[in-house]
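Which chain is which? They are A, B and C, in the order written, and residues in each are numbered from 1.
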Amino acid sequence: MSDKKKLKVATTSLAGCFGCHMSFLDIDERLFTLLEHIEFDRSPLTDIKTVTPGTDIGIIEGGLCNAENVHVLREFRANCNILIAIGACAINGGLPAQRNHLPLTTILEEVYHTSPGLANGRIPNDPELPLPLNQVHPIHEVVKVDYFIPGCPPSGDAIWKVLTDLLAGREPELGHGLMHYD
Amino acid sequence: MSHTFTLDGKTIPFEPGETILQAAGRAGVYIPHLCYHPEFKPHGSCKLCTVKINGRQTASCTMRAMVGMVVESETEEINAERRALTQMLFVEGNHFCPSCEKSGNCQLQATAYHLGMMSPHYDHFYPNRPVDASHPDVLLDFNRCILCSLCVRASRDVDGKNVFALSGRGIKTHLIVNAKSGRLADTDFTLGDKAAQVCPVGVILKKRQGFAVPIGERTYDKAPIGETLAEGK
Amino acid sequence: MALNEMHAEAVAGIVDRVLVRYRRDPSCMVQMLREVQEALDWIPPEAIDRMQASLAVPRTKIEGVAGFYAFFYLQPRGRYRILFSDNVTDRMLGSEALLQQLCSNLWIEPGKVSEDGLVSVDRTSCTGLCDQGPAMLVNNRAISRLTATRIDEIAELVRSKVPLAEWPADFFAIDDNIRRADILLDAEFAPGAALAAARARAPDEGIAASNMRSWREGLPSGIGGPIATLDEIKRANLRGRGGAGFSTGLKWESCRNAPLKAGQQRIVVCNADEGEPGTFKDRVLLTSKPDLVFEGMTVAAYAVGATRGFVYLRGEYRYLLEPLNAVLAKRRADNLLGRDILGIPGADFDIEIHLGAGAYVCGEESALIESLEGKRGTPRNRPPFPVTNGYLDQPTIVNNVETFAAAALIALNGGDWYAAIGTKHSAGTKILSVSGDCERPGIYEYPFGVSVRQVLADCGAGDTQAVQVSGPSGICIAPAEFDRIIGFEDIPTAGAFTIFDNTRDMFEVARNYVHFFQHESCGFCTPCRVGTSLLMNLMDKLARGCGSPYDFAEIEKLNQLLQSMSHCGLGHTACNPVLDTIARFRPAYEKRLTQKDFTPAFNLDDALSQARQMTGRDDTHAHLSTTHGGQA
């Protein structure tokens, strides 16, 4: 692969903890090798704010817990050829989805009105704030997702394996040791 | 005349009356399964052990081996359907592996690894299933129940207690315990029961024991389920 | 004494009376639960306390069984429990509007109990009144031909708390609607005639001894009376009328030859769990020809050497229980049941009626036997088969109502007579339950071999788009196939014949059937338990206009999985309505694939509803567009 044909990769964290991004950095010195083949577009690593149309690979950490998550996910889907869900939250909602058995109204009531120690509790209603969804959803329930890297977080090795498989045109596969959901 | 059949081309000997799964296990060949346990009468409900015999699919845990049977198991077609079954089990309940004490020792999880399940694929049901923490020694987390009924069978057939049963129907089928209150604390269940030891997933958990074994040293960290369970243990 | 203790004591008294009637036999659990509920309107915890103590069975067993059947309530459901029949034919006749009317009339929501605990209104699977729908069950009593006026009358009766027994009798009139009768429905049949004919067919010499031995040991051959009867059944080429078409003679012979362990007896079971949506011919047979059916069972008992018989009657036909029991009592009085039937020494046989409680899967013979044994209606692993290991592990034959009626006529008139009717591969007649878009819905009995076109002409169907033969687990055919015939060699059927004219949306028909299977899946095996729900969700997604080619492919994959991995016929056939309608009415689906790209199954803007409600926001950022512009 020559420099001219570097693949554009965008990443983001929706309702996630950035742990998957940290794990991405655990690729360590192999990042240098990776950077011979890819360049980063929108990502917390670059501070680019929008996804360039025609981006080759979008990597999504985290599930969907509010309206902004949906907007960002849609932007990625619209502008990336390949979309990868990375980590438990993107794949099954993960920790944020543990609220799914409770009505959102009950949660907001509890958090802003009835919890002890709240003075003058009000539910924030600034239009700048994204509204939470009734339930947290994994991203494949809202857009088509091409590949998944499970794990909480997936190891740097697992991420490396999937990316190098894709760069080499192979179907990504995680064997024993790399495949885990926790 | 020798009692053998072929499984994916390999000759497997069997004792008359043995099922395909039992014979394969003795020969060291793994067929995925969840509701089967060598100490209990086969149940045939999870369908993970489905194989193809002379072109027809059937559960290998309940099908008796017969001389000359031609059985296919590890084909991409069958494994794709098994993978779909594990995905169904994942979305039907609430399986959040990172926060589950059974992770690394869970047969559902390990089977999904074996089958290369990269995602749950389907939309999640996110059922509301409250946990039962009433018992002093044991936690019941129904979120992870896959309705294999191993605890039902163990409590009934070994412990002689009938602590567990399935109630409801269809997608509303659920595990119940033998108490008017519906609480495990009000049953005669104890940690020494066989039923406390057979759950393949993380429903029946010993309290104050979680995460005792570090990641990397748990059962299926060390070897994939196919190598661990081939003997049907 | 505290009020709740008095209550518990009163409940215990009621429960005790029921348990005594069933000899405290846990294998009668389903019947005991039914009677407890009939007395108490639901099954309260105090009743389970008493059953647990008195029967010495674990509570889990009682609750497990009670939780399985749709008609058993472990929560109060009101003094009036109203269930609208929800077959597609009921819907075509406007059942949903009537349900909404009744609910708004009574100020309740479907599925919920009124605040005063008086009444609940919900839906239930087909009640077998498709020729006179829309229909409902009120505390398991059927009311057919519902109209807006009738709904208002019912609401008034409920509000005024008029006991059900005092409701106008004409509300509960159910018609047979026999439009075409043949050998079965036209039979001038004198009770006992078939048994007498069977007896006469055997040589007198040594018959008493051989009968005795046959009855006890079930010897395979060389025995006079029973074997002569079995021979006639085989000569008649009679095949099971439940749809599968297994040879009745072979089934009976296998049961007769199955060894009996000490203390065992052979069992004859009549499958009257007519749950296939669109089928109601067994109801009419049991109403109009009950003696023929019971006599057929007795003939079977004679042929296989059985001493105990059951009719497993679906809970939806609860109102037939008293009339049928009266017929059984008369037969006992006439020595057609009981000991030494017709004076034939050793010919001991009696029949009891067990009621189901709202579980379609119990039409599957091994699930039916589980239910007869007082358990959850889960299909067994087979082999072994019921003919060797059936009811309480005893050799058991399970046959359809119509099969027994035919067997009685064969015993009376001989196998050759019967085999000459119908076609080469399908002897005799078939009773069709005709409903849907036609002028004369009802019961039509034809010799096998009648064409679909002929049936449509006879019942006055016009502009027919499709016919669902044998219900949702059967086959859906289009006009190009109307020359096909009813028979095991072409279209086998349990009897349902549901007609859809050109105004009907075949996608919606399939969607109704998919909902039915989802509701009726027993939950035992993974593919059917989860797969029927996934399939239902996908069909609903298409119906909401969120469907894309992705979902269509998913439906096809699920169909494949259900067929290949399911435990029993319910799962195997759950996708038939979808497969058939996709194959024949594809435009009805393509119309639904309104999205080019993958679209969520849920409405994203609706998913912000609770947050909007709590924050009072309605600005543009408080909404999400429901379709997304991204590529697939």
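The rule is simple: contacts are C-beta pairs under 8 Å (C-beta built on N, C-alpha and C of every residue); 3 or more make two chains touch, one makes a residue touch a chain.
Please read all numbers here as calculations on a predicted model, not as lab measurements.
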{"item": "Touch-based graph of the chains, sorted into line, ring, star, complete or other", "value": "complete"}
{"item": "Chain separated most widely from subunit A, comparing mean CA positions", "value": "C"}
{"item": "Where subunit A and subunit B are represented by their mean Cα positions, the distance between them in whole Å", "value": "31"}
{"item": "Inter-chain centre distance, subunit A versus subunit C - centres from mean C-alpha coordinates, in Å", "value": "49"}
{"item": "Residue numbers of subunit A (touch at least two other chains)", "value": "135, 137, 141"}
{"item": "Touching two or more other chains - residue numbers and ranges from subunit C", "value": "601"}
{"item": "For subunit B, residues contacting two or more additional chains", "value": "123"}
{"item": "Subunit A-facing residues of subunit C, complex", "value": "550, 597-598, 600-602, 604, 606-617, 619, 621-622, 624, 628-632"}
{"item": "In the complex, subunit C residues that touch subunit B", "value": "45, 48-49, 58-61, 63-64, 66-70, 359, 376, 381, 518-527, 529-534, 537, 557, 560-561, 564-567, 601"}
{"item": "Touch list for subunit B against partner subunit C, complex", "value": "42, 44-48, 50, 57, 59, 62, 81, 84-85, 88-89, 91-92, 122-123, 125, 146-147, 162-173, 176-180"}
{"item": "Residue ranges of subunit B in contact with subunit A within the complex", "value": "90, 94-100, 103-104, 109, 112-113, 116, 118-121, 123-124, 126-129, 215, 221, 223-224"}
{"item": "Partner subunit B, residues of subunit A touching it in the complex", "value": "85, 88, 91-95, 97-98, 100-101, 135, 137-138, 140-141, 145, 147-150, 152, 173-174, 176-177, 179-182"}
